[in-house]
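Same chain, two partners: chain A is paired with chain B first, then with chain C.
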Partner chain A sequence: MGFGLWSGPTHYLFIVPALAIYAAFVLYPLVQTLGISFTDWDGLSSTRDGVGVENYRKALTDGRLRSALWNNLTWVVGSWLPQAFGLGLAALLSANWIAGRTAFRTIFFLPATLSLVVVGVMWNAIYNPLWGGLNTALEAVGLDSLTRAWLGDQTWALPSVINAANWTYFGFAMVIFLAGLQSIDQSLYEAAALDGAGSWRQFLHITVPGLRNQINLLLVISFINTLRQFDLVFIMTGGGPGNASELIGIYIYDLIQLRRQVGYGSAVAVLLTISVLITSVIFLKVREEN
Partner chain B sequence: MRSTKWFFTTAVLAVLVLLAAACGDDDDDGAAADAEATPAAAPESGSSAETSEAEEMAEEAEVESTEEAPETASLTVWTQLGDNPALQGVLDGLNEAFMAQHPNISVEIEHQTFDNLQQTVPTALASGAGPDIIDFDANESTLGALAKTDLVIDLEPYFAQHGWDDQLFPWVRERVRFGAGPVGVGRSNEVVGIYYNVDLFDELGLEAPETYEGFLAAADGLAEAGVTPIAFANLDQWPASHFLGVAVHASVPIDQIGGFESLAGSGAWDDPAVADAVAESVSWVEAGYALEGFNGLGYDDGNAEFYAGRAGMHITGTWLVGDITANMTDTEVRFIAFPMIDESLPKQAEGGIGGAWAITSSSDSPDAAALWIDFVHFSDEAEAAWVEAGVLPTTNFDMSTVDAPPLLKDNFAVLEAASAEGGIGYWLGFTAHPIVSDAFTSNSQIVLDGSLSVEDYVSRMQDALVEARDNAS
Partner chain C sequence: MPAKRTLGYLALGATSAVALIPTLWILVISLRSTRDVADDPIGLPVPPTLANYTEAWNTARFGDYLLNSFLIAVGVVVLVVITGLLAAFGMTTLRPPGSGALLAVFLIGMTLPIWALINPLFRLVRDAGLLDTRSGVILVEAAIGLPLAIFLFRSFLRDIPTDLVEAAVIDGATPLRVLVHVTAPLALPVVYTVIVFQFMFSWNEFVIPLFLLQSDEARTLPLGLSFFQGRYGSDQSLVSAGAIMASAPIVFVYLLFQRHFVSGLTAGAVKG
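Entry: the complex of A and B
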């Protein structure tokens, strides 16, 4: 009955290549970053002096890091909007009475396929205070008082970038929810309708619980993506004005690439990685228990 | 079951041992690479016998470059011309001419953007790899940092061998020394001043902004006519270096500016004279001289406003000569020095070296690299090509011998006048150290939009300078 060569411990040999690649390209850089985080390396010198946990102690009192973390958390909350929007769209596009559903799905998903560089450049143009589409549209409907330099305004710079990111994300959320909707037993809706439940109650009590796995998945993905977000802010504002839209990713980049505080930047990167890991594990545990 | 566990454990341990070995090698490898790089860093002509030979060669006015060439060499060059196709063409053409003259030397050029180069060069060189020649920013915080970590070589022997000392402006020679011999050859000179739309000024009856009062009067006149006075846009953050820089260079002596634009200096950002100059620039914004929403507009947006005649003046530098010439073919534009605010000071201007050729320690062929620099920068053919493309020379090259763009001649006049009097200053906020530059880019946006007081601004800049000095020491 046995499979000979394939049934004994030998089959573990097959994981070695994959494990070796994982170790070389994931574990090794991680260990290296961890090692550098305990030094004062500037990225140029051939020597690295150990500083113990000084970099980690410094991180705990770094006001700029706290500000960047707060911006990241703001973004996490902001990323829930496109998920809710995607859920609404998915529910709408699953209705049989809507004509051209495939075309709508394609159109709504399109932003998710664009490179973030393209998205950044495009939204920079939309937000341009001199000739951008947003200010022009506001002026056209008599809302001149709302026009502003969106990316140059300390209050509005971060929400403006989050909005651009959300534009790329809602289509992805919609597709995930559409896939989830197909797995919900239609007889539940029929039974609910017979019991007198309207569309809204059906949505709340059948659709949303039926999509809990998809909701959890999207929350985890968006949380991780949001904490490591870099591209859009780098392209659109560079973290400014001041540090108003600076995220941890941008701060780490500044520390390592610009300020040449590679040791300290690595410590912040390690803290970010640990935070993402712990939060993700907790989130998944809670999800499994529920 | 037991054997399964044993085998699995062994496999995982094997991978971890490999991993540990790789990690453990890291520092040793770095040291080994450095050890290997150091001898290679010393040019072959660096020995005493060869140096005297080089000096003899320098005394001979004309030396056929082919005689100095090594047998064979393969060079890699990284430039910062990635976003300047016109200058890429100039260098690529010169490179072809060089290789035609030196068939034993092959040279491959990789054009990168300025930002990209700042990031890739330190990493590549620190790993013992990287190109033979770099076109790098020539500040204490950039090329100076590479020099202090021995990632670029001392070019003193080549200065003597090729006679570069005799050709470069004295201050250009000094700007590439960071406590030792020169480590770069200034590739271009750049100066910051005012481009102004002459046709627009004539139409509105405005005088050229040759004095500070004249500048303010012109700005007021443009604003009254519904034209933005200054095409200032600062979403990219670095343009503030020029907007604030001209006021600082028009108010504070060059030596004092050098004192806080240097880690070795003892100058301070929070000196009252510096604060007053910053306040002067802030007052231009308060008076409505800058583009509306300037912190949300990119440098190119500001340029476009100037090209279209919707802004009358543009405070920027030599690098825009080509674009202005190409985009304002039917409009007369002039470039003049930013007028001195403190007229008791001699004329001085913000500016510096636009980039510098440097030879890396990892180069196996520093002699060939020096020969290449000598050709693409100092040969008459190269000098003429660069000037015609709108690049201000760093040498005593006679610009009247070539067809230089008129705006470039204006730039040269400003450079020459400032050099003859107070001097060419520094790239404000970008000279001393990246920590200072980081503080400058973020805080300049908010001091200019009025959300940070000038006092807090100079205080934050001074804190950054102190932190940088502490780190350096």
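Entry: the complex of A and C
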């Protein structure tokens, strides 16, 4: 393009303020983290020794990192549940006989507006073993045998936290799907109805393929966001009991803040960053092909 | 088919209950004394008491937290909207040599986990004397929010017809005048989206304040609430009152500006 009347270096002045902030508080720290990841720095000493790729080699055989990664991946799979639920809700809400669509949408999206710290405090109360809402409700309907210390239980701690996260997520997924549904050609449904296809077949053969892009988007968002999860686990279990609900973010926090293994913690952070970057690139490629 | 409709409304009603009950329960608890709650966790607040709110307000600095959260979020929004719009205009409309590469460098920032930055950021902010200050948090959150804002602005500016800009140029307008009088007014919808997204990001952000704000009076609402839970965790009524105070402002704004809110938060989805 180019506007003949305008030219010259003054155009860079438009970019400079944003670039200055971004370079100082994102690019520079990023480069530093990369540098530190090749050292044994403890975060305090004035000296640090280069250790080459030792931290990265250590990460490959670190059982605690592997267990955190496994928990992250479990969370990824767990986040498919509210996505499927959100898809169903969106399809239901766009049926033409529904009244009160806006009210339902407002209610379902409400949890997504809350800070995760608030959500954590809330669900801590629900899971409380002594007087929590969940155990109280189970006892009220005679299911005493199912009550337990949800967040203190080796098996149930992680699923319980994932469930709290899912509570904030289904309305969000629903809104994304609702936007996608608006772009599906209504005449497809009319034609299918004429051919005698019921709502379930219409859903499977028109709605789901028509929402391919939204499904793709949500799968990637949830994957990336799940890899970066921290707040909820920090508030609800701290990664425990033991390391039962530990995530990569919690592990990095532990390494750089509590254990003073800043060199190794930085290497784990770099590996996390690379995983997220690779996923994003694959996502963009897939989207371009569609 | 009435049966289908009944089932449909049943499903929507049950989902509404799932979405609302946790929040309503916490609200009810916050209006009862902790002893009442321990005796009967799902009882009603008769008569309701505001004692938990006054105590939470007085023992914790919820007034300070609220002010800090608000000023930081506003600071981030102002900084991101102004510098982001300038930069997007520069890289999309003016396009000096190297704009494509610069844009790519900005967009990489959308995917970076905070853990790749936080330790050096802490030292950077400390050495600049900005630890425990709102300015330190504003600068860091703005830097982290800028990539998404630039991405959204650019997607919009790209689609503005070039003849509009060219006409203004022929009339002798400077680039800054074109931005202020032609581009920015057209971009208002996306500006709203960016405002909502950045405000919510900052309002709910936890890790950055956790590292950069250490004294009690400097904390934001989520950070203050997390420390409050740590200290008074056994007093659920008090903690619930804190949680309600921390979320009431945002829920209120959400109910007022629902449409902008939803588009702002879902636009944030591409942040990934």
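Going forward, the second predicted complex is superposed on the first by the 262 of 290 C-alpha atoms of A that agree within 3 Å, B and C clash if a C-alpha of one lies under 4 Å from a C-alpha of the other, contacts with A are read in each partner's own complex, and residues count from 1 in each chain.
Just so we're on the same page, a contact is a pair of C-beta atoms (placed from the backbone, for glycine too) under 8 Å apart; a residue touches a chain by one contact, two chains touch by 3 or more.
Everything numeric in this text was worked out from a predicted model, so none of it was measured.
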Contacts of A:Asp254 with chain B and chain C, given as first, second, both or neither: first
Mind working out whether A:Gly43 is in touch with chain B, chain C, both or neither, as first, second, both or neither? both
Chain A residues touched by each partner, larger count belonging to chain B or chain C: C
For A:Asn128 in the superposed arrangement: first (chain B), second (chain C), both or neither? both
Applying the touch criterion given at the start, work out whether A:Tyr28 contacts chain B, chain C, both or neither, answering first, second, both or neither. both
Per the contact definition in the header, classify A:Gly238: touching chain B only (first), chain C only (second), both, or neither. first
Output check: A:Trp200 vs chain B and chain C. Expected answer is one of first, second, both, neither. What do you get? neither
Have a look at where A:Leu19 lands relative to chain B and chain C in the superposition and call it first, second, both or neither. both
Between chain B and chain C, which residues of chain A are contacted by each of them? 9-10, 12-13, 15, 19, 24, 27-28, 32, 43, 124, 128, 130
Contact footprint of chain B on chain A as seen in their complex: 8-10, 12-13, 15-16, 19-20, 23-24, 27-28, 31-32, 35, 42-46, 48, 124, 127-130, 148-154, 237-243, 246, 254, 257-261
Of all residues in chain C, those that touch chain A in their complex: 4-5, 8, 11-12, 15-16, 18-20, 22-23, 25-26, 29, 37-38, 41-42, 79, 82-84, 86-87, 89-91, 94-96, 99, 102, 105-106, 108-121, 124, 139-140, 142-144, 146-147, 150, 162, 165-166, 169-170, 175, 179, 200, 203-204, 206-207, 221-223, 225-226, 229, 236, 239-240, 242-243, 246-247, 250-251, 254-255, 258, 261-262, 265-266, 269-270, 272
Spell out the part of chain A that touches chain C in their complex, as residue ranges. 1-3, 5-6, 9-15, 17-19, 21-22, 24-30, 32-33, 36, 43, 89, 92-93, 95, 97-98, 102, 104-118, 120-126, 128, 130-133, 136-137, 140, 167, 170-172, 175-176, 179, 199, 217-218, 220-221, 224-225, 227-228, 230-231, 234-235, 248-249, 252-253, 256, 262, 265-266, 268-270, 272-273, 276-277, 280, 283
Residues of chain B that touch chain A when the two form their complex: 3-4, 6-8, 11-12, 14-16, 18-19, 22-23, 26-27, 30-31, 34, 118-119, 122-123, 125-126, 145-146, 149, 151, 234-237, 291-298, 301, 305, 434-435, 437-438, 441-443, 445-446, 449, 451-452, 471
